[in-house]
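The structure's right below; bear with me while I get my questions together.
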Amino acid sequence: MSSTVTTPETSPGSAPAPSFGNNLKASRSALPSGDRVFEGLVAGAAGVIPLLAAAMLLLLAVASWTCFQEQGFGFFTTQDWDPVKEHFGMLAFAYGTLASSAIALLTAGPIGVGIALAITEFTKPKYREIAAWVVETLSAIPSVIFGLWGMFVMAPFMRAHIEPLLVHIPGPFFREAGTGLSLLTAGLVVGIMILPTVMAVCREVFNAIPISMRESALALGSTRWEAVRLAVLAPSTPGIIGALILGMGRALGETMAVTMVIGNRAEISTNLLAPSDSLASAIANQFAEAASPGHLSALAALGFVLFLITMLLNMAARLLVWAVANRVRH
Amino acid sequence: MPPEEPVSTDTMEKEAKQRTVAPPMVTARAPQVPDQGQAGGDKDQVKIQVHGLNAWFGEKQVLHDVNFKVVEHQVTAMIGPSGCGKSTLIRCLNRMHETVSGAELKGSIRYENQEILAPDVDPVAVRRRIGMVFQKPTPFPTLTIFENVAVGMRLHGIHDQKLVTATVERSLRGAALWDEVKDVLHKPGGSLSGGQQQRLCIARALAIETDVLLLDEPCSALDPISTAKVEELLFELKNKYTIVIVTHNMQQAARVSERTVFMLNGKLIEYGPTDKMFTAPDNRLTEDYITGRFG
Amino acid sequence: MAENLFKVDVKRARIDRLMRGLCWAGLAVALVPLLSLLFMVITRGWHRLDLDFFMHLPRPVGIPGGGMSNALVGSIELVAIASVIGMPIGVLAGIFLAEYGDNRFAKTVRFYADVLSGVPSIVTGIFAYQLVVKPMHGFSGLAGGFALSLMMIPLIARITEEVVRLVPTGLREAALALGVPRWRSIVSVVVRTAMSGIATGLLLAATRVASETAPLLFTAFNNQFWPSGLNQPTASLTVQIFTYAISPYQEWQDVAWTGALVLLMMVLLASLASRLTVSKNRQIQL
């Protein structure tokens, strides 16, 4: 006879049914309280995020209000920044921010795309991670150290070796050599700093393209470069633009490295070798010592402008990268 | 008869054209010295001759001493279970195998009496003559249907608008797609159905100076109706081109090909006329595979 | 021998080599500043890297033996405050997004997390100033820590969400099938499995904020002495490096390089540690 674990009398079909009580009906109010507490806890924590963002927007707007009221529209259109006379015009700072970011983008853009291509297309698979990692260590380096290097290494180098060459170029951009602390130096340093961002996003975009596309191009008798151009670069254009916009967003907000190499002179000039100043740099330099409420409000207003611009750019970039990822998926 | 060629002023191409018109030679030489001789039958002209081909991916050898011939204006099918090396083999024929990192190739592949594995041969130029269509249809998404077909020509420096337009039409007709797309040539390549996309890829391959078309499981991703259309197309195409097709579908191989190659574990087990292979194969392994005993 | 049918198209081959060469040149160009920076930080920072640096307070110019001990401690204090605020909120928010995250609320949260992480750090500083410094009528470590926590939260939330999502559904289901309530299965099974990834994320976030300078300039401000309380201005390594760097004194500039060397070593070590603990298949993108 077999073991007595199950006897005919207590076969599964005739065992008494276990009692679940009322819990079989899983309505929300019947959820165990542990679950509700936990869900509330994590949802609350998550809710802090939009709250903070909204609070930031609000507080910045409120803090800037005095300035907008007193300065009016002239705040956006005049250069004159005089804390003593309580005249505040942000144009010079805005120019410095935009110009240095443009330079940064012009350097980081092509180089970042080129490096991303070199890594995804022209490197043996086993070396790819190392190469990417090397460029990404650039992104780990703190901004203040870039500023230090920029001040004491890059700027003197620019003054001694690069500016004397650049002044030979005709036109308004390189009219007169300076001290090395300039719009150009700031742009280049920031360009180096945003390089990893541009490169990383481009890599993502390029890797999303299936190998069969590249092979199809090669099978038509294209050279390696032509295959990359056809199969990788052409469909990646929106993604690359997204990478550039993200890089731009970072460049606009870059503070320490800029303030240490830009020369800190609030003047608009087409000469890239002249000193300049940026929105973030102005805030960094002046906020701690600003005494009058008007001055503080003006600086907060600069921050508010920065906040809005970077938020818009970020949204645009995310939309583009998202659109590319979705298109390639089918 | 030689395929139609777009008119070109390139002297190199003129010389090449002259060579393809040369009459086949009958030789009594031993098979080790491959020439424009035959496999079996005086009227069969050999287009591609593979001899002693070995291939590796890194340390792993994936093709072992493969020998066979591809006969002009015929469809040669390559069959075998997954992983037998048939895809690798077909990709050697247009030197696509080496595009994978760590891949290596040794042996001889002769195309019209020219060794394509020779060191001074540019793989880019080889692929212009020996075209390939892949398993997954890959029209370039940012190009229009027209531009997709024209892209090969533009790469090779042909910019004469009239010539390009004429060739695009000819290629689309050759791929049995013209009637379906002639009014929507400006639409993006990705807007077609799967079967149409695959025929677009075929048209794209035909638009350059191909005279050999390699197809790596071209119908695997297609529905039965599209598959039937592509098979029909192959019947027409072989009048002008030479076709090699890899397929995991034996019935397809039996339907479309004149000759079949059976591969197993990187070795060529048997090669010969399709009807013979499928009814009275020489090799026991071939018979086992055909009757479904494995794979 | 038959003439070569397949000759190389010289022009196209040349363009091919040129363009590929340019891409490689880009990599070289990126390496030059990186190597220069590393070289300079090491060579210029090395000779003041002594016990004085770690043990002594800053001294006026001319008096030897000054250090950045207070700045080191201050940085630790500020990161600690930021962590106490930011880590719990960030991790819990990340868990929410991963486990309950398929609704409009979650989408809103993600959107604003993106917005917050894109905000320039100096603007975060202004926010902290308005919220903490003004009511407290003075600079403080609390304000600085708060500013830093604002940067931690979206970052930790995003990394936590990514890592928790990676936990296989099978594991969750197995836990639920054992009759464990959902919250328990999340905490004891899912989160525990994801723990190393979350810990890496926390390390990365702490390192990120330890590298920040701008938001501290007018929240924690600076202090030449030991940290004396959460409501007092607090020194930090980054601000001290900045202050010394822009000063006109060679001595102080030298110490700035040393501070940079210490900071850089910490950051690179943390970065290396995080790379090693994350599995090869999944690299966390900052």
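We just call them A, B and C in the order they show up, numbering each chain from 1.
Just so it is clear, contacts are C-beta pairs under 8 Å (C-beta built on N, C-alpha and C of every residue); 3 or more make two chains touch, one makes a residue touch a chain.
As the structure is a prediction and not an experimental result, all values here were calculated from the model.
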**Q.** Pair sharing more residue contacts (C-beta pairs) when A-C is set against A-B
**A.** A-C
Q. Nearest chain to the global Cα centroid?
A. A
Q | Intercentroid distance (Cα basis), chain C paired with chain B, Å | A | 54
Q) Taking each chain's centre as its mean C-alpha position, how far apart are chain A and chain C in Å? A) 14
**Q.** Intercentroid distance (Cα basis), chain B paired with chain A, Å
**A.** 48
(Q) Residues of chain A that contact two or more other chains, please. (A) 223, 226
Q. What are the residue numbers in chain C that touch two or more other chains?
A. 12-13
Q) Hey, what residues on chain B touch two or more of the other chains? A) 124-126, 156
Q. Considering the complex alone, what residue numbers of chain C touch chain B?
A. 2-9, 12-13
Q | Contacting residues of chain A [partner chain C, same complex] | A | 32, 34-35, 37-39, 41-50, 52-56, 59-60, 62-63, 110-112, 114-115, 117-119, 121-122, 129, 131, 133-135, 137-149, 151-154, 192, 195, 200, 223-226, 249, 252-256, 260, 280, 283-284, 287-288, 299-300, 303, 306-307, 310-311, 313-315, 318
Q. In the complex formed with chain C, which residues of chain B make contact?
A. 12, 15-16, 19, 111-114, 116, 118, 120-122, 124-126, 129, 156-157
**Q.** Residues of chain B that touch chain A when the two form their complex
**A.** 94, 96, 99, 101-102, 124-128, 131-136, 138, 140-143, 151-152, 155-156, 201, 204-205, 208
Q | Complex contacts: residues of chain C adjacent to chain A | A | 12-13, 15-16, 19-20, 22-27, 29-31, 33-34, 36-37, 40-41, 44, 88-93, 95-97, 99-100, 105-106, 108-109, 112-116, 118-127, 129-131, 139, 150, 153-154, 157, 181-184, 186-187, 207, 211-214, 217-218, 221, 238, 241-242, 245-246, 253, 256-257, 260, 263-264, 267-268, 271, 275, 283, 285-286
